[in-house]
């Protein structure tokens, strides 16, 4: 898919919708359209984080492998969610596995190009970072609530 | 056979455990039958009983059976404290004492003609089950019906067969999420609040009932506010130390409310101010 | 058997209060060593009494022994009262005596029925004995319960009574209240008579020794609270002279100190000593019953101490009845006093024998020094001599029987090992 | 005569006065019922029979004061399914823990001519400082009804009904008159755990803390009330430094008072 | 129509009550306090004694006259009659696979309460709302209430700890009694008697008493007025509920908590505090079980215990609960305050905490 063909996707996607059209053009230059089958890895823990995904359809799990318990899914992400933010900050390494649970369509961004264009267009970088931070905040909240292990507690004597 | 003598509110009636079903590693369901003939227990969805285990003690447990099916009394219990742990040791044929039912009911009538969002966390599904039975029996009275259910792990999911059957029937939109995905789980992993994001509802004709840990109810209510559902149409089921269930003992007060007689079900505005008091 | 070489060791002595061990060494038919080893850890009462207010001594010293707290409370009160120059008389003195009767009953009945009798009948415990002698054990339990009720009635509770203070009591009963005890005491007296007959009919080993019996003697009454210190070998002193006539030594194997009568050696305190020195002061019922069951005015077989204890239980019941019937309410529950500097002595007859206290205070009643000599440390040497003689005499018995016999010989004294370690002050100058 | 179906009971003694185990023998009405409900496998004070472990229920009396006892309690824990401490010695070090505030070497030479024979630790410590304790029954002595309750609760697998509230509650349930308010008698009742039946106020004297601190005890406030009633700092200090002097709340308060009395002193000096 | 009863004939009133089958409960001197207990005759009354009260302080003193009811209130309240400190609810037996429960018989002995103060009548009325007007009336309480005969005595003097005038609960009784008496010492020692119920009227009719003169009635009024004038403490009600609700995070709670012993004495002596604990006990054989109800207190850590801990862990939060419940949320729950101004919680607090002063502290800080 050509960058100009990606532009409509960006304009519709809630993550980018508010950005001006010229930004969509810049972003589209870094992006590609990608499809994953169930079980495909989007990235792997410890590898260099070279990509940033914006989900259009399907479901992606953030996984970790725990020796005695096997594969554990920490969260699932779906349409409208972003996947991966390790690419934004050094050391640019993924912290978990991301795996398609169902057939998934996503926009994949070249992280190196993206970072370079942010350097050139700080307003765009700022705008995307804010969006990203909003999702990070939401996930931190979720993680904190999960830490409480709420459903394990009962008030019955 | 003479008339059934009404016992005093503090006196348990003997019931026999007919069946014990182990739901998860520490959750089990009892089917109880009154020992005195005709001593059945009419209840409304949302009410609870005080279950007395001889020699060990008494605990409040929500009723999780079908209010319109006559006969046995059904309770799903988590073995968490001394009494409930001892209860887990009991077998079919053993006797327990039952007082009740106590408390008020879920607003199943208020919800007629509306979209219904039932949000439950953990064992909160058990007190909600009578409501689900009611809705299934009278499905035509309700519009869209969602059951949003958050569990700890896939193996902690209660009543899995029933959930599947409800979902398959197409009568209820059942959505489940877990805190930690394991054992090949391919469903959602995340908070029950996240499930609210994706459902379709008419915020001006919607009633929500929430049952689960207090913090879960708090955040679920907040997520529903974001969907423009008015607080007075959000209902929660509260828990506090409950000793008498009759309003005598004073233990279960939350602000001006007695959970046992004013609740356990409250509309959100009634309880909101007291939910966030810091009892330090 | 005549060349018997064996070490008999019982690491944990059963049915005694506190923890001790028996050690018996025989070599070539000779008994080389016979020891009652006390490994109950020391608790340093005398040390931490220093610096405390002398009014605290009844509460603190009670904790020396849970079996006979009243003995310590009484000794402490008497010593403290001597310092400030008061002497509770009349109903206050009678109430103290009544309380002490409760302790004698409770402690003696516990020993007779639960600790000692099973030896004679071959049971490991009174609980096992109850299977075949339910009535007897139930009688014992009820007798004991009344003793405890007496202590709770006056003292508030049976272990570590709370109503005892220097000068008297915090609160005294009304006449109406005290009379409620009467019915129980009457039952107890009858049961005590049965107890004497029952214990006297037990089988006793033929074992007599010539003891120096040391006890209190009071001109008018069988000794509980007070009197002069006397013995069957001519001792007759004021209790304040205790230190001049008795001394304690510390032996390596023991956490306890052992006492001897200076210039005389080991001596025996407790029921046999009291009985020997005060037979004439027992009630007529006690004296007649003693004669009826074939116990003379003196008893030198320590195995028969169970009978003498039974007589004392009967005495305690009769004395309690007398006090209950004659009781009038005192003007005040206690006498007032002002603390002052001085030294005071107290010596009372604990169930196991004399229990001696000596305190020195400063002007404000703060303790500068404390010495407490409990009965069991005084009997320890006598116990060991009994063991020595008994082992020689019983050399023919199989090990198991000899061991049991030796244990029984220790139990003859109803030793209270817990008390024994709380004790004894040695003057290290 | 051991009954294999019954839970095995053991009673152990450490540094103590014996009063708490005596409380079991003092349960004249219940003793045979106890013997019927449990198999008394080890209880030297009551029986010559000394069966080996494991034991279902161990009752432990007394505090740890010697190196040997510190080892012994470990062994007992290993053979005990449930371990319950009985009395102030076992739960707070007891009255002999008063040594913990002083120099024990000086103590030993004060009492014994040959202190070298004495094998003792510098501190008298509660059992829970050495091993995991399943339940602590307070009191000096314990209340025998509470002991029966603990055994009943154990047999019925429920929580013992042993309240942690103040002595005042028992006093009021018995409808006794408050000695502090009506008689101006200093009383530790408001900071002491119930269990004795509010005995002392019933005998017109102030509570002296046999059952140790209650839950959330406000020791500073009661100390202030005592001061206002005319008690000296020394009296207040001694009141906290009694039978349960080594229990945390009472120890902390006594050390606070000691600091007021001797601002420059090291707390260890007498 | 008020009647007069000579003080010397008080025993005839007692006799009349006894003849109707009532056991008498009333004031008497015990352990240096005036407490309510079984009365045999007027001899048992604390004649000639009065009580001096202050925060954390109570002292009996001789009066210079022979008034029978010349004291104010003591440590016991009448709630012990209707809601006893401890009562067994039932006994259960489990044997041979059968579980049988035997309910404790309800009380059947009628009781006459002698010397009930107006504030105490209000307290009984408050407990009526709590224990009789909910969805599950307490059968024991109901039985005792139905069988009780209330002889009120109007206060003619106040203690320093009283504040019934703030609570509108005294000093004269206006309702809830069968008989109300005012004791007058001068010029002669008499009681002015008034019936407040058919039972009371019937009894007075049987006693065949003289009418009280206008002057005697005026004396009685003056006595009550004197008690009113003597009241020093106050607990203004205006805006109190909102004040407390709004003071939830106030730092003054910490100040109270530094003094509060959380000993629960205030709740035990309070005539309206109704909280109880349900205790399940068993015997050693495991065949018998019982349930007991006993007074409990929101000052206990265990009070709010749920699996995993207590909801109110600090003394601060427990005192706040007590005061806020008593003076604020009680209104929401029962349409009345939970306080009758008897002052017991002030007198019997070993730390002398005075709720009127604490409320004032909240008010003052609000005004700043």
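Order of writing sets the labels: A, B, C, D and E. Residues in every chain begin at 1.
One rule holds for everything that comes next: a contact is a pair of C-beta atoms (placed from the backbone, for glycine too) under 8 Å apart; a residue touches a chain by one contact, two chains touch by 3 or more.
Note that the structure is predicted; figures quoted are calculated from it, not measured.
K.L.:
Out of curiosity, which chains are bumping into both subunit C and subunit E?
P.N.:
Of all the chains present, those in contact with both subunit C and subunit E are D.
K.L.:
Let me spell it out: compute each chain's centre from its C-alpha atoms, then which one is farthest from subunit E's centre?
P.N.:
A
K.L.:
Which one of the chains is closest to the middle, using the mean of its C-alpha atoms?
P.N.:
D
K.L.:
With chain centres defined as mean CA positions, report which chain is farthest from subunit B.
P.N.:
That would be chain C.
K.L.:
Return the chain pair with more inter-chain C-beta contacts, choosing between C-D and A-B.
P.N.:
Answer by contact count: C-D.
K.L.:
Approximately how many whole Å separate the CA-defined centres of subunit B and subunit C?
P.N.:
Going by mean C-alpha positions, subunit B sits 65 Å from subunit C.
K.L.:
Just the number, please: Cα centre separation of subunit B and subunit E in whole Å.
P.N.:
40
K.L.:
So what's the Cα centroid distance for subunit A and subunit D, whole Å?
P.N.:
Chain centroid spacing, subunit A to subunit D, equals 61 Å.
K.L.:
How far is the middle of subunit B from the middle of subunit D, if each middle is the mean of its Cα atoms, in Å?
P.N.:
44
K.L.:
Check each residue of subunit E and list the ones that touch at least two other chains.
P.N.:
280, 282, 286, 305-307, 313-314
K.L.:
Subunit B: which residues touch two or more other chains?
P.N.:
55-57, 80-83, 239-241
K.L.:
Counting only residues that touch at least two other chains, what does the list for subunit C look like?
P.N.:
Correct list: empty.
K.L.:
Which residues of subunit A touch subunit B in their complex?
P.N.:
Where subunit A meets subunit B, its residues are 59, 61-62, 69-76, 78, 101-102, 142, 145-146, 148-157.
K.L.:
Using the touch definition up top, name the residues of subunit B that touch subunit A in the complex.
P.N.:
Touch list, subunit B to subunit A: 57, 59-61, 77-78, 80-84, 121-123, 150-152, 156, 177, 179-191, 194, 198, 212-213, 215-216, 219, 239-241.
K.L.:
Considering only the defined contacts, which subunit B positions touch subunit E in the complex?
P.N.:
Within the complex, subunit B touches subunit E at residues 7-14, 35, 52, 54-58, 80-81, 93, 95-97, 239-241, 243-244, 246-251, 253, 255-258, 261, 277-280.
K.L.:
Show me the residue ranges of subunit B that touch subunit D in the complex, using the header's touch definition.
P.N.:
Contacts found on subunit B: 55-57, 82-83, 86, 89.
K.L.:
In the complex of these two chains, what residues of subunit D are touching subunit B?
P.N.:
156-159
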